[in-house]
Structure formats: structure tokens, C-alpha cells
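Just so it is clear, A, B, C, D, E and F label the chains in written order, and each chain counts residues from 1 on its own.
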Amino acid sequence: IEQMQVRDSLRMYNSLVERCFRDCVSEFRSKDLNAGEEKCVQSCATKFMKHSARVGIRFGELSSEAESQMQAMMQQQQAGK
Amino acid sequence: MAQAGQPDPAAAIEMAKQEMDYRVNLFNAMVSSCYEKCIDKRYKDGELSVGENSCIDRCSSKYWQVTGIVGQMLGAQGGMQ
Amino acid sequence: IEQMQVRDSLRMYNSLVERCFRDCVSEFRSKDLNAGEEKCVQSCATKFMKHSARVGIRFGELSSEAESQMQAMMQQQQAGK
Amino acid sequence: MAQAGQPDPAAAIEMAKQEMDYRVNLFNAMVSSCYEKCIDKRYKDGELSVGENSCIDRCSSKYWQVTGIVGQMLGAQGGMQ
Amino acid sequence: IEQMQVRDSLRMYNSLVERCFRDCVSEFRSKDLNAGEEKCVQSCATKFMKHSARVGIRFGELSSEAESQMQAMMQQQQAGK
Amino acid sequence: MAQAGQPDPAAAIEMAKQEMDYRVNLFNAMVSSCYEKCIDKRYKDGELSVGENSCIDRCSSKYWQVTGIVGQMLGAQGGMQ
């Protein structure tokens, strides 16, 4: 399970890099990032992490809501027996 | 000596792994889908705007509802071939 | 092998949700799906499953065609020895 | 005591797994590629039109042919590095 | 490890097929590739392999550069103790 | 008897696998990202032009720099949740 978490965070890191590269870098006249690209990558990465964190909170809420609904339903079924 | 209601440990671990795998994939899909729908890709800075934040909340909720609808449809026809 | 099938059908379920969400939901003024979005998701899921089933049939035909060609070739090689 | 033509069981299982993994990936790629090419994304209802159905058949066939061409090219140069 | 390499080259093969199909085939009036499509797929596959090979060389250079920098840094740290 | 600096073999193999998995994913992402940015999709022939070749070199270098920036940012805040 721990290995899965490492694998998943590496996967997320890879997808973050891919996305911010795609959105921020589009000029290939030199082999080094220019100042604008570098700043864009930093903003993109920060934004992506804040976004992920917020979705994570919502995801947790929605999951536990669903779980309590499930339990309420199962109790009703028990009572109806 | 596995009995109904008392599955053997190896199978239980396998199921827990798949459950977690499924949840991680769902979360990742939610993150990237809502990123596409809600985030301004100009990356002036690393902050999420008020509009982006409320879009993320609603997007997470709607995404969750879509998984519910699709899950019900697949359940109704006995899984997906 | 059975585990792979569970994993693969979960993967397909996830990709179906992702696709139908992307194609059907694009307005985030409320946190609940509106009637049009809900209907769109249902049609999309139905269509996707019918599409998959049809590709599955073609895939089976093409696979077994390829296999008989392979066998015919191997028999020719045997005969030519 | 593995001999040529009589591989040991563990290796055979591993090969069968990879073969199946490959086929599942191929099928999934065919499904999503032909979905993009053939399906009308307006989702008025859940039916496939006559045009969509015949497009799916031809698309599956062409996709299969592309795998053949690419496979031959890679085989000819001794695998892909 | 060897199994991972097989899996990875199969994955690359699949992604090559997907990409060249998407870029080269867009007409479904017949079930066989026409001459133009076939030539396009061949050029696409050749180009993709040359591209991958070149990225591979650069990737190797960048990796070993990074490694020597890392080692230089560690030696400095040792010296500074 | 695992001691600091002398991890047990199973964990070491697991780490090596993850390291390799990470590098393969990074390489694949670089290949496809730079393909999108640099390659002319008309596929008149299978050759890479001078412009494409120099674009690939610069793109690989910039992609590598983006992984560095993002890696530093994630490291600074103690990994990504």
C-alpha cells in the first residue's frame, strides 16, 4: 500500500511536469528556459497543487457523505426486516 | 476455511488494494477534469481566484454525480463487458 | 488474470466517466447537474457501451482471422521442410 | 529442467499475462481512437446511427491494419529501443 | 526488470500506433487503408522512432550530467565537514 | 538486521524498481511532449528536418529543467500530498 502511494505521487509529479511544460513552454530558440517560462512554470505548479488540495478536500467530503447515506440505507433495511 | 461473511485474508487485501486503486484513479481523474474546466491557463500568479475556487467546488460535486449515474447504469445491466 | 479483468473494467469505467463528463458538463453555476447534463451523460454512457461492444465483436473477428492466417502460414512452412 | 520448446510454467504464465495485457491495451486504444473518429458528441440519444455503425466497422479494420504495418516495421529493425 | 522492459516497449508500440492512426487516418468510406494513409503511417512511425532515439540520447546526456553535479556537490559537502 | 545505510535487499530492489519506473515515465513524457512541440505532422517522409532536430535537442533540455524546478518546489514543501 505504501508502495502504491509512492507510485501515485510520482505519477502526479510526472503529470504536473507534463502539464506545466505544455502550457508554459512553446519557443525553442534556445536550450534554456527564459525568465517568463520559468515564472509561468512556478505559477502553474503552485496553482496545480492548490487545485489538487482543494479537490482533495471536496473528495473527502463527498466520500464520507456517500458513506453515511450508505449506512443509513443499510440500517433502514435492517429495521424493515 | 473461508465462510460466507468471513473471506480469507489474502482476498480481502486484494479487494482493499483494488478499492484504493479505484479511488486514486477517480481522484486523479477528478483533479485533471476539473483543472481543464476551471483553471485559467495564463498563470499570471500562483493564486486561485474566487471564481476558480467556486468552480472547483461545483465541478467536484458534478463529477461525483456523474460517477453515480454511470455506476448505476452499469450496475443495472450487470457490469460492463 | 481475474484481478486484471476487474482492474481493466474499473479502468474503462473511469475513462467512460471522464469522457462523458468532459463532453456533457461545461457550466458551473450550480453544484448539481441540470436536467440536460444528466440526459447527456446517460446518452453518452449508453452510446459508449454500445460502441465498445461493437468494437469488441470486430476485434474478436480480426483476431481469429489473424490466427487462422498464422496457422496456414505455419502449415505451409511445415510442408515446405 | 526447462528445454527448448518446453518453457517452465512461471515464465509461461508471465508471457500469457503480457500477451493479455497487450491485447487489452490494443483493444482499449481501438475503442477510444474509433470513438473519437466516429461518434457524434452531441448525444441526442443513446443510439448509434447507421453511419456511426459502419464507421466503427471500418475504423476497427483500419486500426488493425495500422498495428500490422507498425508491427512489421518494428520487427524488421529488431524491436524498438 | 526485464518484464518491465517488455511492458514498456509494448506500451510505446501501442502509443505509436495510436498516434499515427490519429494523425494519418480520417476517412472511413472503405475498410482498407488507401495508399496515402499507408505511406503516412510508415513515415509517421519512422519519424517517431527517430525522434524517440534522439530524445533518448539527450536524456542519457542530461542524466549523466545531473549525476556528476550531484557527486561534485556531495564531495564538496564531505570536504566542508 | 537492517541498519541505517544498509537497507535490506527486498526494499532495495523495490526502490530500484520505482526509480526505474519513474525514469521510464519521465522519458516517455519527454518523448510525447517534445513530439507535440517539434514534429511536423504532415509526414511527407520519414526524415527529421534540421529544424526538427534542433527543436528536439532544445525541447529535451527545457523539459529537463522543468522537472528540476517542479522537483525543487515539491521538495521544499515536503512532498506532494
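In this section, a contact is a pair of C-beta atoms (placed from the backbone, for glycine too) under 8 Å apart; a residue touches a chain by one contact, two chains touch by 3 or more.
What you see is a predicted model; the values in this text were computed from it and never measured.
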item	value
Where subunit C and subunit F overlap in contact partners, by chain label	none
Joint neighbours of subunit E and subunit D, given as chain labels	none
Most remote chain, CA-based centroid, reference being subunit C	F
Which of B-C and A-B has more C-beta pairs touching across its chains	B-C
Chain whose average C-alpha position is farthest from subunit D's own	A
Interchain centroid distance [CA atoms averaged], subunit A/subunit F, Å	19
Where subunit E and subunit F are represented by their mean Cα positions, the distance between them in whole Å	11
Where subunit B and subunit E are represented by their mean Cα positions, the distance between them in whole Å	30
Where subunit C touches two or more other chains, by residue	11-12, 24, 42, 45-46, 52, 56
Per-residue multi-chain contacts in subunit B, two or more chains	21, 38, 57, 61
Contact graph of the chains (line, ring, star, complete, other)	ring
Ordered ring members, subunit A first, subunit B second	A, B, C, D, E, F
Subunit F-touching residues of subunit A, taken from the complex the two chains share	3, 6-7, 9-14, 16-18, 20-22, 24-26, 28-33, 37-38, 41-42, 45-46, 49, 52-53, 56
Interfacial residue positions of subunit E with respect to subunit F in the complex	1, 4, 8, 11-12, 15, 19, 23-24, 40, 42-48, 50-52, 54-56, 58-59, 62-63
Touch list for subunit F against partner subunit E, complex	17, 20-21, 23-24, 27-28, 30-32, 34-35, 38-39, 41, 43-48, 52-53, 56-57, 60-61, 64
In the complex, subunit F residues that touch subunit A	14, 18, 21-22, 25-26, 29, 33, 36-38, 54-55, 57-59, 61-63, 65-67, 69-71, 73-74, 77, 79-81
